[in-house]
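Structures follow.
There are two complexes below, and they share chain A, which is joined by chain B in the first and by chain C in the second.
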Partner chain A sequence: MRQRERQLGALYALPLSVFLGLTFLAPILLVAGFSMMPEKVFELAHMPDFSAYRTVLAQGYWKSVAWSLVLAALATLILLVICWPLAYAMAKVFKRFTLVLTIGVVMTLFVSENIRLFGWVLTLMKGGLVEGYVRHWTGLGFDAPLYNVPVIVFGLVYVYLPFMLFPLAQGISMVPDDARQAAYDLGATRWQILREIELPLAMPGIMVGSLLTFVLAAGAMAESKLLGGRAVITIADEVQTAFTYGQNWPLGSALAMVLIAIIGTLAIWAISKADLDAMMGRKS
Partner chain B sequence: MSDPSPILRISALTKTFDDFTALHGIDLDVAEGEFLAIVGPSGSGKTTLIRLLVGMDDPTEGAIWLRDQRIDVIPANKRPTCMVFQSLALFPHRTVGQNIEFPLKLRGVAAKARKERALELLDLLRLPRDYYSKRIQQCSGGEKQRVALARALAFDPEILFFDEPLSALDYRLRKTLEKELKDLHRRTGKTFIYITHSLEEAMVMSDRIAIMRAGRFEQIAPAEEIYARPVSPFVAEFMGEVNFLSLAGGAVAGAELSPAAQAALAGQSGTLVIRPESLRLAPEAAGLILTGTVAAEYLLGSRVQYRIDSPAGELTVEVLREDAVAGVGAPVSLGCDISAVHVIAEAEDAAA
Partner chain C sequence: MKTSRLASALLLAYGIAILAFLYLPLVSVGLASVSKARYLSFPIRRYNTDWYGEALASDTVRDLLWISLKVAGIVTASSMVIGFLGALAFARYSWRFRKPFQKLILLPIFFPQTVLGLALLMWFNALGIVPSWKTAIVAHLVWIAPIATLIVSIRAFSFDPALEEAARDMGATQWQVLREVTIPLLMPGVVSAGLFAFLLSWGNFPLSLFTTGADSTLPEWLFAKMISGYSPLVPTVGVLTVAGSAILVAAGLILAWALKRLRPTT
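What follows is the complex of A and B.
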């Protein structure tokens, strides 16, 4: 009986396994293969060749990696702080309004990220929506708050808000009301309730939200290109450059593999911490 | 109620929700160390009352005093009371020990002292000491109950409130825990206020029972007194099966009274309350005699219950098995001593 169940399970999982193998695993293996080719040529003869990785180390690409990780970490932290109250309200306070908010936030995803970011450029640029009107009315112009690091972080926060908000709301809805009330009754202050009860019990949601935003933000480049005007170059930008202008596929692949390794390690660590079963409503 | 220094005093407590009044200006004094059960059907206001007492809600009017401190104006986390929730509300992400230590940790008690106290409480609640590091999910229903109690006792409250904590358990476990709770009350000497819809629970454990109905206290007294001398038909019925006979000017419709009974009831009007076990079948001499025919017979273990049609209305009688009579359809005469009869006077009846 057990044996049969296991066989059936494997059978049911087969279509999705094949799909994941072709769409997820195969491209990674392909990129891994490219990364081990000699630079600037396409040949399988001299594989494996780690010159692309040497270039990664020698050419100071670590700066782009560091910027990507720092920007992603900053965006994730800021998103945690802004989304917590909003997610709390969605899970516990707003009733019908939660749906309105959900639709509102999801709607923004229907418009391409680049177009939305260009919208911000038009709004913030010199002679744009804000500065243009201010100058028209007061005669005083000012420099556009564009092309710097803070505006890149703002862009990341703006673009990835839904990916933090919804998992967080889900996580907060898992905190039982009576546990909060019991803690309060036993003498806990609001901060103690947050620290001792709400944060630990909402941890699966916090982990999933942070992971999603961090991973997406670490692989982002549109914000630094469009809003940041390449004030800093992110690693994703370097990967794209290597593949396109550089025509150096092995270098691009090696850079991609470094990013995948860092983020993959982080993701696996975080997932092992988060109780995904509880998140999906399956109590262990 | 004439206790000189009550630990808890509720005065003219009123709670109104929009257009519904859940509590109508109720008063209550609770003595230090007392076990008071507040009993009532759902919707009687007992849950509203306990929410006000622990501070999860604010009263519309009135005051709650703990000794000489007015506590209804203090937030729940600053009140020296705590509650065992119906759901227990244990913290699922913490171990048994961490749950028990929680109130101590909040006060900044050192880890070693906390653990010592937690182990003492495990002893007090007869849980093995190695439960200290167990996960809450590994505990059975009864063990969780004890952990919740230990956590509440770690808080060292002036008054411990209970919101039907046993209602979700099966019958046998409930019976065991009722006795343990009563024992715990005796050993700790704390004041317990226990909300329940189960009169049985209240009778086993409490010193006094307060019966609530529609946002008011109907009667507050020890269990025996409420059983023997209910102030209203509502209380009488709430306390178990009962027969009501109408009394008008000293005469009971459909019943014969002995001279002594006539003297005892002379001039009174209202409702006569007779418990099923106070009625006897085929009495030789009794203060009050009724006749009728057996309509139904139910076996209750060592006792037999009869439903009897009589001119005074439908009656319920419970007798020992050896006193059983011939079955359904048999004519019977019933009697009861006048001392076992309680009269609810007209005025009280009307107020109920």
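What follows is the complex of A and C.
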């Protein structure tokens, strides 16, 4: 029986493992290879000279990296605050409404990010849904709150809300009601319960949600392009520009490697700590 | 320590406000799609649905629709098969490299899709493959097949291994166990994975952008139009793609509900 399980497991894992090996790991190795090539070459048959990495350091690309990380960190923090009460209610207060919320939020994920961000442009632009009606009713117009840094953070918060909300709700549902009740009976204030009981016990959910949001937001570019009018150029945007307009594959690859290193370190660290069997409720 | 009435009401209001926030941009797109004016400005003065007629009659839109459908359809079928097999390895069987396998699957989900698309473009180029809608299928699968595997795994985790062993003890072959026990038990998970796969492929933009070559999917075309200035067809086609997903989700929910009614015991 054991023997058969072992063989079957390996057999069934084969299609996906081979597929990801050829279409995920191999392309990343190729990017790593190209990042070491002299600039503006299109094949790997050159001596590695790491000049693309020197360009990354010398040309101020670190600013895009820093902006991406700062924007992602801000979005993550804001989402943590916005999602906490809702996640709490989904896990502990709502009954049927939790299902409605879940379906309602998941549905938005199926609408292309482009269309949703474009919808925000139509909502916020001068003569858009908000300004248009405010001017119509009050006669007072105002400038569109678009094409600046805060609206990029706003866009990130909007797009990545589900990725914070669901892990957080999952984490909060793991806080036993008895622990909260006991703290309350012993005279703890609401604030103390939050700090001493709920936050520590819901920490796995908080970590998963924050990492997921941060990692996805750090690799984002549609928000800064569509809403931000490129007020800030994100690292993913720089990667794309280097590959397309720049026709400089080694530079694009080196920039991509910087992003991959940051995201990869965080993701691998988180994944190595996670016990997926326990998280997804394996029985035996 | 029950949550008070007032607090519950406030939380409910907050939940509704968040949902409204999530759907507000879609309302704008919807309103824009029925505005008669060529240059949109709110409040909308005259409504009509001419742009829909124009969109549906346009050959470009029809081609885009067909390519998006082909890609999403093949991605769905492939992820259902890969996800089913992957989930058995992920959740059901104890084998030597199960934990590393689980972790490998999570990596593509975390990976920035723009960078993945570009890396695949370089990879196809290195292999001498000309990008077209077919390569986009591969690109979508890198991201969607792992998600499908996770979804089927949730079902596979709650599956009692004794059922398979019982069938085997009574003399069923490996193939019979698979066909009579494993597949029917995992079917609901496989169907929801297929639904997710279709919807995620249908709406995907960053992976398609670099891997479709000369072909174009609906989200790609929308993006190209968005950044090159306003066109009244953008909200219209946007609404049509959203309507496509909404119909599919509704069909899925109705199917799930009907199956539950038909078989109350399982």
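Criterion: the second predicted complex is superposed on the first by the 244 of 284 C-alpha atoms of A that agree within 3 Å, B and C clash if a C-alpha of one lies under 4 Å from a C-alpha of the other, contacts with A are read in each partner's own complex, and residues count from 1 in each chain.
Keep this in mind: a contact is a pair of C-beta atoms (placed from the backbone, for glycine too) under 8 Å apart; a residue touches a chain by one contact, two chains touch by 3 or more.
Every value quoted in this text rests on a predicted model; they were computed, and no experiment measured them.
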item	value
Chain B versus chain C as contact partner of A:265, first or second or both or neither	neither
Contacts of A:123 with chain B and chain C, given as first, second, both or neither	second
Chain A residues touched - chain C or chain B, whichever exceeds	C
Chain B versus chain C as contact partner of A:94, first or second or both or neither	second
Which of chain B and chain C A:8 touches, first, second, both or neither	second
Chain B versus chain C as contact partner of A:186, first or second or both or neither	first
Partner chain(s) touched by A:247 [first = chain B, second = chain C, both, neither]	neither
Which superposed partner A:196 touches (first chain B, second chain C, both, neither)	first
Contacts on chain A seen with chain B and repeated with chain C across the two complexes	181, 184, 284
Of chain A, residues touching chain B in the complex	176, 178-179, 181-189, 192, 196-197, 200-201, 284
Chain B residues within the chain A interface of the complex	54-56, 76-78, 82-83, 85, 87, 89-93, 102-103, 105-107, 137, 151-152, 155
Footprint of chain C on chain A - complex, ascending	1-2, 5-17, 19-20, 23-24, 26-28, 30-31, 34, 44, 82, 85-86, 88-90, 92-94, 97, 101, 103-105, 107-123, 127-129, 131-133, 136, 158, 161, 180-181, 184, 212, 215-216, 218-222, 225-226, 236, 239-240, 243, 249, 252-253, 256, 259-260, 263, 267-268, 271-272, 276-277, 280-284
Contacting residues of chain C [partner chain A, same complex]	1, 3, 7-8, 11-12, 14-15, 18-19, 21-29, 31-32, 40-43, 81-82, 85-86, 88-98, 101-108, 110-116, 118-123, 126, 138-139, 141-142, 145-146, 149, 153-154, 157-158, 160-161, 165, 199-200, 202-206, 218-219, 222-223, 226-227, 234-235, 238, 241-242, 245-246, 249, 253
